[in-house]
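Input: a single structure, listed below in structure tokens.
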Amino acid sequence: MKGYGPAELSESPRFAGVPTYLRLPHVSHLDGVDVAVVGLPFDSDASVRSGARFGPKAIREGSLGLHPHYNPAQRSAVFETLSVVDFGDAPVAAGFADRSQDRMAEHLGGLHAAGVAPLGLGGDHSVLIAELRAAAQRHGALALVQFAAHAGTLDELVGERYTHGTVVRRAVEEGLIDAARSTVLGVRGGLSSPTELDDARALGLEVVAWDDLAQFGTQAIAAVVERAGGKAFLSFDIDFVDPAFAPGTRTPEVGGPSSMQALAMVRGCRGLDLVGADVVGVIPENDSTNLTGILAATVAWELLTLMACRP
Amino acid sequence: MKGYGPAELSESPRFAGVPTYLRLPHVSHLDGVDVAVVGLPFDSDASVRSGARFGPKAIREGSLGLHPHYNPAQRSAVFETLSVVDFGDAPVAAGFADRSQDRMAEHLGGLHAAGVAPLGLGGDHSVLIAELRAAAQRHGALALVQFAAHAGTLDELVGERYTHGTVVRRAVEEGLIDAARSTVLGVRGGLSSPTELDDARALGLEVVAWDDLAQFGTQAIAAVVERAGGKAFLSFDIDFVDPAFAPGTRTPEVGGPSSMQALAMVRGCRGLDLVGADVVGVIPENDSTNLTGILAATVAWELLTLMACRP
Amino acid sequence: MKGYGPAELSESPRFAGVPTYLRLPHVSHLDGVDVAVVGLPFDSDASVRSGARFGPKAIREGSLGLHPHYNPAQRSAVFETLSVVDFGDAPVAAGFADRSQDRMAEHLGGLHAAGVAPLGLGGDHSVLIAELRAAAQRHGALALVQFAAHAGTLDELVGERYTHGTVVRRAVEEGLIDAARSTVLGVRGGLSSPTELDDARALGLEVVAWDDLAQFGTQAIAAVVERAGGKAFLSFDIDFVDPAFAPGTRTPEVGGPSSMQALAMVRGCRGLDLVGADVVGVIPENDSTNLTGILAATVAWELLTLMACRP
Amino acid sequence: MKGYGPAELSESPRFAGVPTYLRLPHVSHLDGVDVAVVGLPFDSDASVRSGARFGPKAIREGSLGLHPHYNPAQRSAVFETLSVVDFGDAPVAAGFADRSQDRMAEHLGGLHAAGVAPLGLGGDHSVLIAELRAAAQRHGALALVQFAAHAGTLDELVGERYTHGTVVRRAVEEGLIDAARSTVLGVRGGLSSPTELDDARALGLEVVAWDDLAQFGTQAIAAVVERAGGKAFLSFDIDFVDPAFAPGTRTPEVGGPSSMQALAMVRGCRGLDLVGADVVGVIPENDSTNLTGILAATVAWELLTLMACRP
Amino acid sequence: MKGYGPAELSESPRFAGVPTYLRLPHVSHLDGVDVAVVGLPFDSDASVRSGARFGPKAIREGSLGLHPHYNPAQRSAVFETLSVVDFGDAPVAAGFADRSQDRMAEHLGGLHAAGVAPLGLGGDHSVLIAELRAAAQRHGALALVQFAAHAGTLDELVGERYTHGTVVRRAVEEGLIDAARSTVLGVRGGLSSPTELDDARALGLEVVAWDDLAQFGTQAIAAVVERAGGKAFLSFDIDFVDPAFAPGTRTPEVGGPSSMQALAMVRGCRGLDLVGADVVGVIPENDSTNLTGILAATVAWELLTLMACRP
Amino acid sequence: MKGYGPAELSESPRFAGVPTYLRLPHVSHLDGVDVAVVGLPFDSDASVRSGARFGPKAIREGSLGLHPHYNPAQRSAVFETLSVVDFGDAPVAAGFADRSQDRMAEHLGGLHAAGVAPLGLGGDHSVLIAELRAAAQRHGALALVQFAAHAGTLDELVGERYTHGTVVRRAVEEGLIDAARSTVLGVRGGLSSPTELDDARALGLEVVAWDDLAQFGTQAIAAVVERAGGKAFLSFDIDFVDPAFAPGTRTPEVGGPSSMQALAMVRGCRGLDLVGADVVGVIPENDSTNLTGILAATVAWELLTLMACRP
């Protein structure tokens, strides 16, 4: 192992002990660390369900059953390449969106300043603004590659401007992402208005609906990677996947990809120059088998692998 | 909006308030109404699970997360065309099948008499007899297009003649549907006897097993629409879908279609001259994430869209 | 019946239809209304669980099994005396505490202005500030009678000043309640510091710990009523009750009263001149039998009875 | 052991095998049998919840953890005195109340004819009519001792005359029970009208509300036994117990007895000349720990002990 | 029916009575029996979840909704060919792996000795060693056809040699299976080391990863049947299927086959000369809709059909 | 604070971060440590439920809502007196009881050797043997004070000698506890034989049934403390409490103490010279609100307080 990596199974079983992501060391320093997994336990969840704040807990729990040492699909012994730790959770103030975003951005900024790439575990999609502010401060405007069932490009939601439904529009407006290099993938279901997707495209973003992605899978992803050009941030909202495969999410949108399809697309992003990534939108409370946490943990591990294979 | 339609999101979030289907107005009159969504909370459920009576509640709840204003798959701004209300539930007497069917039929008959098309939310599949009696009284024998894992063409179930397992045979016998224009789609799993499906076909019905439908998808549906000819009723038992996508149902039958496949087939029914429709068989009690209610609500919305696009 | 009251059972069963509290009429006007039941679906829940925003839904659902027409313990035919409606939910913006409190206070202010007493269904205990602002604007500083496991008199919680843990202190500071006439009952469990309760008493409040209340039950309550003097507001946090009887709450505190004890104490408050009341703190998400919602609905009904018996 | 009794633990653990009540032999003959445990899986459940038909399953499952050989409270080695079997379930037709009551009555009549006392596992309280018809045919009008939160003496429920809410009135009218020797214990909560309990007393029944029973416990029970005089039937609706101790029931009524209090009262019934008994009202579907099934199984075992100690 | 088979539905509904697999007779003798369904309720579950010991119960329960008399996919009236019983569970000592394996092997040995083929219901995959010891004693080294997400060919797990993770390696070492005729299908997810699968192949086993199987489905299965040659044992770990279709399993591995794909592959095994088979790995405790038990029951029924169609 | 103690709430909410017991530091050294909280995640659970191995996780989770700094009932600022850490879990091999007990005993022996008192979080009651072996090696035979619904003094269970049902008998036989100074409190429910409790008393133990304890509460506990004399170990099986207050346990025994009664008895043990203690028997899997984990966490905190007040 290069530096920090998962615990061995020689002494005690997977279910024992205080659960960190992949049973990684839980540290509060950054020496010798390449990637820090960090929880972003904030949600406003102005929709039908609440509790994305418990997403980090569910993803950590869901990660315990994984066999992370070797990823055969990418032929990568992940932790021979990357030194990874569980850095705990960023500070937040539940119910107070503005101050929470500030605290998270400051916390993540410390990681970037130390040359450590954060892998965020959400939280609802609104945490993306904190992640991008921290990343852009160090790296400038990034290419965003977003997998999600909804575009996140509305202007307001229930009278508020900084929510999961508006976060991508805000990121463009704040200059945190370069719309010309960014793509939003997987939109499906009903729309708020006939022009919702055209409004998003008017920002400069590439928008690929799930129906199109289902048909042109591999090619579509290759185009996304090429379009991204330089430094990039990959955001994966678990609602991208069909709710049969990820029932514990905010507003489940039926008719989506299977987990097999979703994993193949994430793997297809090999080649992105990732300076950060996240998995968001996990709401574990009624997902009694934690299916969602397990899938999110697997996606996060594929994101780690992408970072290990970074060009 | 033409008349009645979903509430706007400007004031309060989706989870707030007394839940109606799609946050439609809950009215008890029929002025200016084109379609009335009506709960049919009856079940005998003579199988392994019970509680289809709670289906209407679960579907209303499941509808809260939808974005119903624009359906991009059909390019339809549904509520610009149709005025739709939530008309509450029809009266029933739990445990007393005969009197419950009478009460529901009378209630639905009032809708048809006022020129309003009912969209029924079951209840178990036995409520179909009440729906068809009410519709046929106004429109004559209808074409039935049924999506379900079981044909519903047995002669008796546990000694009773009016149950979810026998309802289609009864509808033919009572002259409520025209077998020559009707199709039963999606049958799969084990059978009670080697001749079960041939017995159904002997009634004059077209029976398409799921294995065949999986292969000939779009074409098979086009043939169903053509065969239907005139006025039609579409009945969608949620057990048509694989239980991974709809676990909260009476007797889940594994190996079925995904929700993506199911939605595509419903959309393929565009062209049917629907005077009524339903979604039945939702049993929410152990479906902790209400995946089934959400899918059923989405199917019901696609049925509304079919009505909005009615030829 | 005097004006508005629960639906009769003659036509359809309790589980049918769109659920309002006690199957009361769901209206949006205030003509002929004495008491309006109103949901306050806001939570910041800066503790271990989230989802008090779903409390109104759970309490409405839990009320469906009650037999509300006659309360034998108080010998009151409640709806012969009071005209009561379900007024839906107050507007909120999830995740944005300040603006949500403003919206709720304005909404409730409209009720008081029309001479209607609100019966609030929370929401977490932070909604009390909105309720008291609305009530005090009309009635001046009130006597607060609060049943809860925690005093709510801290100065800050996770850096914020307006939360469930600080709401009573803020209400004193804002002059909304008259500490000399107010009592906080039922405090138990560990404390943040040795002086926590003395600090609360320094505000002028009477603080009765559960251990003392358990011993001096009836007498203690009589003293509370006498101390209250004039116009009063009764706030009942469901965590007052032992979590065996109300598991669905924010930070369950074991070792508390049974529901039988709790109901007796609420009934003992007969004589209070209530201009408003609430039941808060119900978090239904993991309470699979909705035990908490049922108990909260029963407590709310006892509060209605207190209003019907108001001196 | 006298004849039939629980399996020994020498070979395999309690959770293994096909579950019968107390791991008793599952037989379909009556040779050498004193008491037959028989499931009565019928419900109409015209209230808020459904699924009492699954009560027998939950009670059998709940019985597996009991240590039934010796009852120290009654100093009775139960199965040294009684030969007991699990006789499976009586036949029913779900959704068809009338025919189901007929089938159950006939089935139970066969037991009485063979001199075997049935111990019924409900099902909702409506099954009592079948039990009493079968028992009265052999033994004449019986003394009924009923523990339940609601009296069951209404005249109609949702337009029907044979339901859980009307069953005791029907039993008096049909002459199956002798009202002068019968007692209904534990009534609590709101009432449908101010005269509901007086109407019940007008039938000749003794009605003891829970508030009174709580105060006069042991004495009240002794009076019940004395009043019963001759042959008796004990019916225990699990809703008699507070829902914290038995959440899985039809319309939970808060503020009731603990299981410790309830068991003491059942034990106090020693001396009744029981020709039959039941435990009804268990609805297991949302009771995730099967607390209700376990309590019901324990009550049923105390009933068996009462039969073993029969005078 | 040839001998023993499922109960008819003429008398009582599917949910009634003491549940056996497919409502088969529960017998303790072997006269006239071809196949005995037998529970193997042992688990060590040294991973993240526990409770495979409850698998037999969940599969029996899950089987109640099946229509087993005729299998249209194989055109087989199963019970016209085979006489099948539910033989209860084999004896085990929970927590004591070694003695449990001995007891189960002896119990199963008795079946083989009587010429009865066992159909095992697990339990975790470690029970395979007991099944193979019993079968090999009678039939010699067998061809193993295993469907599972993990190969089971590690050398040690948490310091132990006989676990679900090592059982196939042990079976080769003990000479219970003929590696040259055996195939392990469906491996996916991360690996413990880069050489894990090559190490398995070094034992002589054919290992087909899920990614390959997904592409070459039917052909791959035909090759497995041909390779098996003579007498064979088919072991189906429910984790072979994607956890969306079977969430109640030990270490769910996302990205796997749908139940439709899985059933097609099992059916493709027609032609195997099965002397035994099993379905293992069902952990029902948090699978609230018992989706996993239902799928496992269906797979077991397809295995019975394979036995009925045995060459 | 003296040394190690709970985290402050100034930065982030209780639900955030990797959960340790009371948010104590998770360390792997013993410098400056007085008490180490240590998980003992082993179960054989040869009864009806499994999963006590997840007890430590549930208790840690359940502790997050506590306010541990000041215990008003004992007037103790616990962490001003004691330095306490979360020491993670002891090593075990699931399914292999003998080797697991050895590993746990060795691990705990290291704590005693360093002068640190362990506070064990079970696991099922069988872990007591490992705890007592480790403690007795350092301190000699101890007084055992055990709160549990079952005595644990059987000779064998399902053919095994080291299980939760036999552990106290083994501890006497191995000389780990001094029966003359030891007391077993709270036995209730049915018994395996008429002599079960007399057999336990024949070992020299004091056995106090729950019925007696309920009557003589405070006095009975004072006698236990006096009888204990010198160094003692307190073991609290959560099944001591009525399952309404602690549903997540192995074999729930109804009719027991409330949590209020149980806490009072634990507090009454002030004066015991504790060299170790535990809370065992928590099985969280179906306890959806984690009521049991919260109560167990509270009991563990009262045990810490007893240690802080140690004479």
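Order of writing sets the chain letters: A, B, C, D, E and F. Residues in each chain are counted from 1.
As a convention for this text, a residue touches a chain if its C-beta (ideal position, glycine included) is under 8 Å from a C-beta of that chain, and two chains touch if they have at least 3 such contacts.
All values reported here derive from a predicted model rather than from experimental measurement.
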Chains touching both chain D and chain F, listed by label: C, E
Fraction-based call for chain F against chain C, same above half, different below: different
Counterpart interface for D-F, drawn from D-E, E-F or C-F and sharing over half of its contact pairs: C-F
Magnitude of the superposing rotation for chain B and chain F (Cα, nearest 5°): 180
Whole-Å gap between the CA centroids of chain B and chain E: 37
Whole-Å gap separating chain B and chain C, where each centre is the average of the chain's CA atoms: 41
Chain B, residues touching no fewer than two other chains: 11-13, 15, 46, 50, 53-54, 93-94, 158-159, 242, 244, 258, 286, 288
Topology of the chain contact graph, where touching chains are joined (line, ring, star, complete, other): other
Chains touching one another, given as label pairs in label order: A-B, A-C, A-E, A-F, B-C, B-D, B-E, C-D, C-F, D-E, D-F, E-F
Chain D to chain B touching residues, read off their complex: 43-46, 50-51, 53-54, 93-97, 99, 126, 158-160, 163, 285-286
Parts of chain B lying in touch with chain E, wherever the complex brings them together: 46-50, 157-159, 189-194, 196-197, 209, 211, 214, 242-244, 247-248, 250-252, 254-256, 258, 286-288
Interface residues, chain D side, partner chain F - complex: 9-15, 64-73, 77, 242, 244-245, 258-260, 263, 288-291, 294-295, 298, 301
Contacting residues of chain F [partner chain A, same complex]: 11-13, 15-20, 26, 39, 41, 53-54, 56-57, 60, 86, 88-94, 288
